[in-house]
Amino acid sequence: MSTLSYLEAARLALAQEMRRDPLVWALGEDLGRGGIFGQYKGLIEEFGPERILDTPISEAAIMGTAVGAALVGTRPVVEMRFADFALCAVDELVNQAAKARYMFGGQGRVPLVVRQPSGMWRSSAAQHSQSLEAWYAHIPGLVVVAPATPADNFGLLKAAIRCEDPVVYMEHKDLWGLTGEVDERADPLPLGVARRVREGSDVTIVTWSGMLRRVEAAAELLDGGPSAEVIDLRTLYPWDRDLVFASVRRTGRLLVVHEAVQTGGFGAEVAASVAEALFDLLRAPVRRLGAPRIPVPYAPPLEEVCKIGGAEIAEAVRAMVG
Amino acid sequence: MAEAPRANLDAERLLAHYRMMNRIRAFEEAAEAAQKSGEVKGAIHLSIGQEAIASGVCANLRRSDLIASNHRGHGHTLAKGASPAAMMAELFGRATGTCHGKGGSMHIADFDIGMLGANGVVGAGILIAVGAAQGLKLRREDRIVACFFGDGAINRGPFLEGLNWAKIYELPVLFVCEDNGFAAMTRTASLSAGGGPDARAQSLGIPATLVDGNDVAAVDEAARELAQRVRGGGGPQFLLARTYRLRGHTVTDAAGYRSAEEVAAKQRDEPIGRCAETLLVAGRSEAELALIAAEARREMADAVAAAREAPWPSRALAWADVQDVGSPQEARR
Amino acid sequence: MSTLSYLEAARLALAQEMRRDPLVWALGEDLGRGGIFGQYKGLIEEFGPERILDTPISEAAIMGTAVGAALVGTRPVVEMRFADFALCAVDELVNQAAKARYMFGGQGRVPLVVRQPSGMWRSSAAQHSQSLEAWYAHIPGLVVVAPATPADNFGLLKAAIRCEDPVVYMEHKDLWGLTGEVDERADPLPLGVARRVREGSDVTIVTWSGMLRRVEAAAELLDGGPSAEVIDLRTLYPWDRDLVFASVRRTGRLLVVHEAVQTGGFGAEVAASVAEALFDLLRAPVRRLGAPRIPVPYAPPLEEVCKIGGAEIAEAVRAMVG
Amino acid sequence: MAEAPRANLDAERLLAHYRMMNRIRAFEEAAEAAQKSGEVKGAIHLSIGQEAIASGVCANLRRSDLIASNHRGHGHTLAKGASPAAMMAELFGRATGTCHGKGGSMHIADFDIGMLGANGVVGAGILIAVGAAQGLKLRREDRIVACFFGDGAINRGPFLEGLNWAKIYELPVLFVCEDNGFAAMTRTASLSAGGGPDARAQSLGIPATLVDGNDVAAVDEAARELAQRVRGGGGPQFLLARTYRLRGHTVTDAAGYRSAEEVAAKQRDEPIGRCAETLLVAGRSEAELALIAAEARREMADAVAAAREAPWPSRALAWADVQDVGSPQEARR
């Protein structure tokens, strides 16, 4: 066990996987100098410039060539720098990577990982702050992962790299510095398995990525009041229906909290699924808390409007348990 | 830009091209008929008139080499060695198809013979080809990749991004631009600024060779030279092959945007006829050539017959090969 | 009134708007020869090649230049040919068109319409069959429209062209030939207003685009059984919550039916919203019917797996009403 | 490719450039300090060392002409005539900012003076500029559009698509490539194949001119000639300006990937010092120049002071200007 930051945990996971399998490699802008956030620091020294590939500003090519390289059996780790720039490579991810195996009748596989640093961070405004996990969860062929802790960023990145399917891997930029205990010799975590972060009896709060901290804060705030069970989904597709349903069966209430825009966010899928399946057991309406449907503004007081804080979450819980 | 050298193929090799081009033609005529009769459902794009490029290029590839193609890929796929029966079955949507009926004409792939897939998105195959070459390089394999695309694709971003990429990493890719003068229903001359596909390639540091794409011997010679360079570590090469699409963009396109005279004139330049002329001059008989054409037609008629009789894919197949993690289940949406 | 096809209705609407406003123009591949489906047939003869612009195969530029042209006050109608190809232009639509006005503090507007022919049609397989309306509904700044009838394709396209916001306009390819009565002198329809297609008392079926016909067929099939109220949403964002909620208040049941993949589809938003707001009035769990999370396969018997037919819908209604 | 002619500007014009470049420099130094002190929150990209290009190009534009910029756009925006106070307030996220604090450095726009926006996506401004030019042409207006982007942007698809587009429709666009040798933390030489930005432009049929981007007189002369051609209906033109980015990629980038010697050597070539030398030779006094620099610093100090005092935008503004149809409401998510 050592104390690692979320960023370091991912770097270690990548390094370990690269040592383990010579066909794992990473590509993206500035990787040779550690990447824009330092997630790749030191790796070129160990693995050389062919496996830590500095690329031009060609997002479509970064993604599209990774598809070709994956089809011939290598395992590319694609760095998109900001999730927002992945929007320059959507054909390559959605029309090619996600569908190739299926269209070709199972002849080829596309075992790539697309790292998409997501979310609000340091007043980055509308083109550097998006959380678009709901998009990828909607696309057949893709696995979608969003780790919330250093240990998870270690275990889930390893799992994503070993996965035979294309994985959209969304790290939250505001978590890079978050530290925690990581077992450096741990096995990959299973994909599709959520984590019950906190037990509770009155309401199930489902969340992921950067919002986990806020939800935990809310649960603390509620101390003495309603008791919240907190589930970190970790993988958004496939999401852990079993764990969520079992929890809601006990609590009778569901609140989904995410940073993304609420309208059409992945919370809608979770809420609708629970409302469909557990109607008779629900003691209150399902509820979602997500960002308003506005682009993320720059000025801090405006950006606040997009953020959901612990108090707001606690308030929502109180209203539900009532 | 280099002009391809005058071709001087031996007759056996030319005869093999003649056979391959006839097979491609016959395959596509059969597919065309099957679509018109309603047996083939999805859109199909015919390369009738363009067969020399597929045949000439693929003759210089090894079975272990790879190709990536576009929407107009039957010729490339056949020339690379795919089974026409499996391809025809794919067009018919049958379980015996190359993709078990899941892809259709625009997604035919045959990994066994190094065919990494047709593509329904113009230009997308360029990046896949380049990436495959990078993968091969990482794996220290000496295979090369040929990448077929049209003159319309040169106006999409991936053309720039892919060619630049191939050159900066010196990847083993042979780019083959099939310049048939059209992007769907529009003449590309009005849509493409500057000196053409070859000028663009050269501005990206990739040597370009221009060839008469309806002269199969010339394509073969040019491709041989370029494939050798690519295989020898010479980095990416670019072949620009001028040709003409004798049919509409798709089978349902009547191509009213060009005159019958234009098509008739081009018909006289089509590669199979030209190859036949050369072979006749070289002493082959009309009868031999007719036999080759007849054999090709029979082969493709058999492919159609087999496809017609082949089973549909089972519904279970719809659920297969989506993904391992989170594989969809029939019981739950 | 005249009888027009869905395709002709849209062509007429575009022609009328182009006559009305010289700053309206259209751009896309093959438009000068009528466009791939004939939606633009005859327009170049009337409006000339500058306003019916033939473009290269440059989806990013088609969309991206339209943003610039809109910012200087023209009103481009962007033709994407197939909705799937719009994935080559996502940065331009989502990072630029949708956000420009907001990021610039209201200085510019982007009044463009992006026509995205959608859905399954003639065995077109995975890269020519997608229905991605849920994506665009999730993006602040975008209006999303999906007409289901010739009259709506007339009235809504006119409205979209006059709208000051970027509008994603999703025509269903399988409806091109559908005919119906169209008032050629009708005003634009209001955006954001759904249509109650059929009255009923036992269940509210919300649908849009190509599925409307199937839902109507299902309602017929149910004749004598449960009575279904059918609502065609027409605009997905903003969607007509008032009409839907009012209907569910009466029927106590909601079924959402769409062609898109169910997981993360827009049905989740509708279902979750109703489950949140009308919990106490619901007489049965909300329910969604969408496609399985698989790419659209080519062979007709496989494609069938992605299609939802009248019988299946009727069956779902019977199960809900019980 | 054409080399720009030797510049021979009159001293008044050069002095105006000197003033503008000092204003840009002072603006950015003030912004840099404000970010380091924590008052400016979002990332900022400084064009220190590159001011001559903004000043030289924009001096040849009319107020009604348009520009589109990229992430490194302060200089372009100031040179086009924006108020530094409003720009600084934008960096501070205040209601008095050009975008009322909703955009920040990467989204500064000022439509009143024809500035169509910085952009957070590399290359995106190219298409916006080209489209704006097409809109102007449709409207039969004789305004032109200048489009600034970096040497890193030439590897993105929109570069190809946008330049081809501008040429086939002969649109009034002046492309200005600021070649500072870097794309973020990586040298562009290793990432860009072929003959460079100008060779690519030429392969697309767009004439290209190379200029010393640190010589403001040379940039001005070259831009004058090219803007005239564009305005005269000569179609799109391309200016390649060589320069050097004296700061890191962002304020927080220490730029450890290049040596102090390299930067020191380049420092001697920076455009303000070079302009001062010319002015001194032309008879201007040290004192006069020092006064100009001091005035610029004071102006920007005032801008900072005003920004600091300016009000934050009200929360209501967060909900404004999203869209008319379906405008979001605070009461409902």
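Here are some notes:
A, B, C and D are the chain letters, set down in written order, and residue numbers restart from 1 in every chain.
One rule holds in what follows: a contact is a pair of C-beta atoms (placed from the backbone, for glycine too) under 8 Å apart; a residue touches a chain by one contact, two chains touch by 3 or more.
Only a predicted model underlies this, so the values are computations on that prediction, with no experimental measurement involved.
Chain centres here are C-alpha means, and the one lying farthest from subunit A is B. Taking each chain's centre as the average of its CA atoms, subunit C and subunit D sit 40 Å apart. Centroids built from CA atoms put subunit D at 45 Å from subunit B.
Averaged C-alpha coordinates put the centre of subunit A at 30 Å from the centre of subunit C.
Counting partner chains per residue, subunit D shows two or more touched chains at residues 97, 99, 101-103, 107, 119-121, 155-158, 161, 164, 168, 190-192, 322, 328. Residues of subunit A in contact with at least two other chains: 55-56, 58, 60, 84-85, 88, 91, 95, 102-103, 125-127, 140-141, 237, 263, 288, 292-295, 297-298.
Viewed as a network of touching protein chains, the structure reduces to a complete graph with every chain in contact with every other. Partner subunit D is touched in their complex by these residues of subunit C: 23, 25, 50-51, 53, 55-56, 58, 60-61, 63-74, 76, 91-92, 95-96, 100-108, 140-143, 163-165, 191-192, 237-238. Looking at the complex, you find that subunit A touches subunit C at residues 84-85, 87-88, 90-91, 94-95, 98-99, 102-103, 125-127, 132, 134-135, 137-141, 237, 260-261, 263-269, 271-273, 275-277, 279-280, 282, 284-288, 292-295, 297-298. Across the complex, subunit A is touched by residues 41-43, 90, 93-94, 97, 99, 101-104, 106-107, 119-123, 152-153, 155-157, 183-186, 190-192, 257, 312-313, 315, 317-319, 322, 328, 330, 333 of subunit D. Partner subunit A is touched in their complex by these residues of subunit B: 66, 68, 97-103, 107, 109-111, 116-117, 119-121, 124, 126-139, 157-158, 161-162, 164-165, 168-169, 320-326, 328.
Put simply, subunit B touches subunit D in their complex at residues 155-161, 163-164, 167-168, 190-195, 199-200, 202-206.
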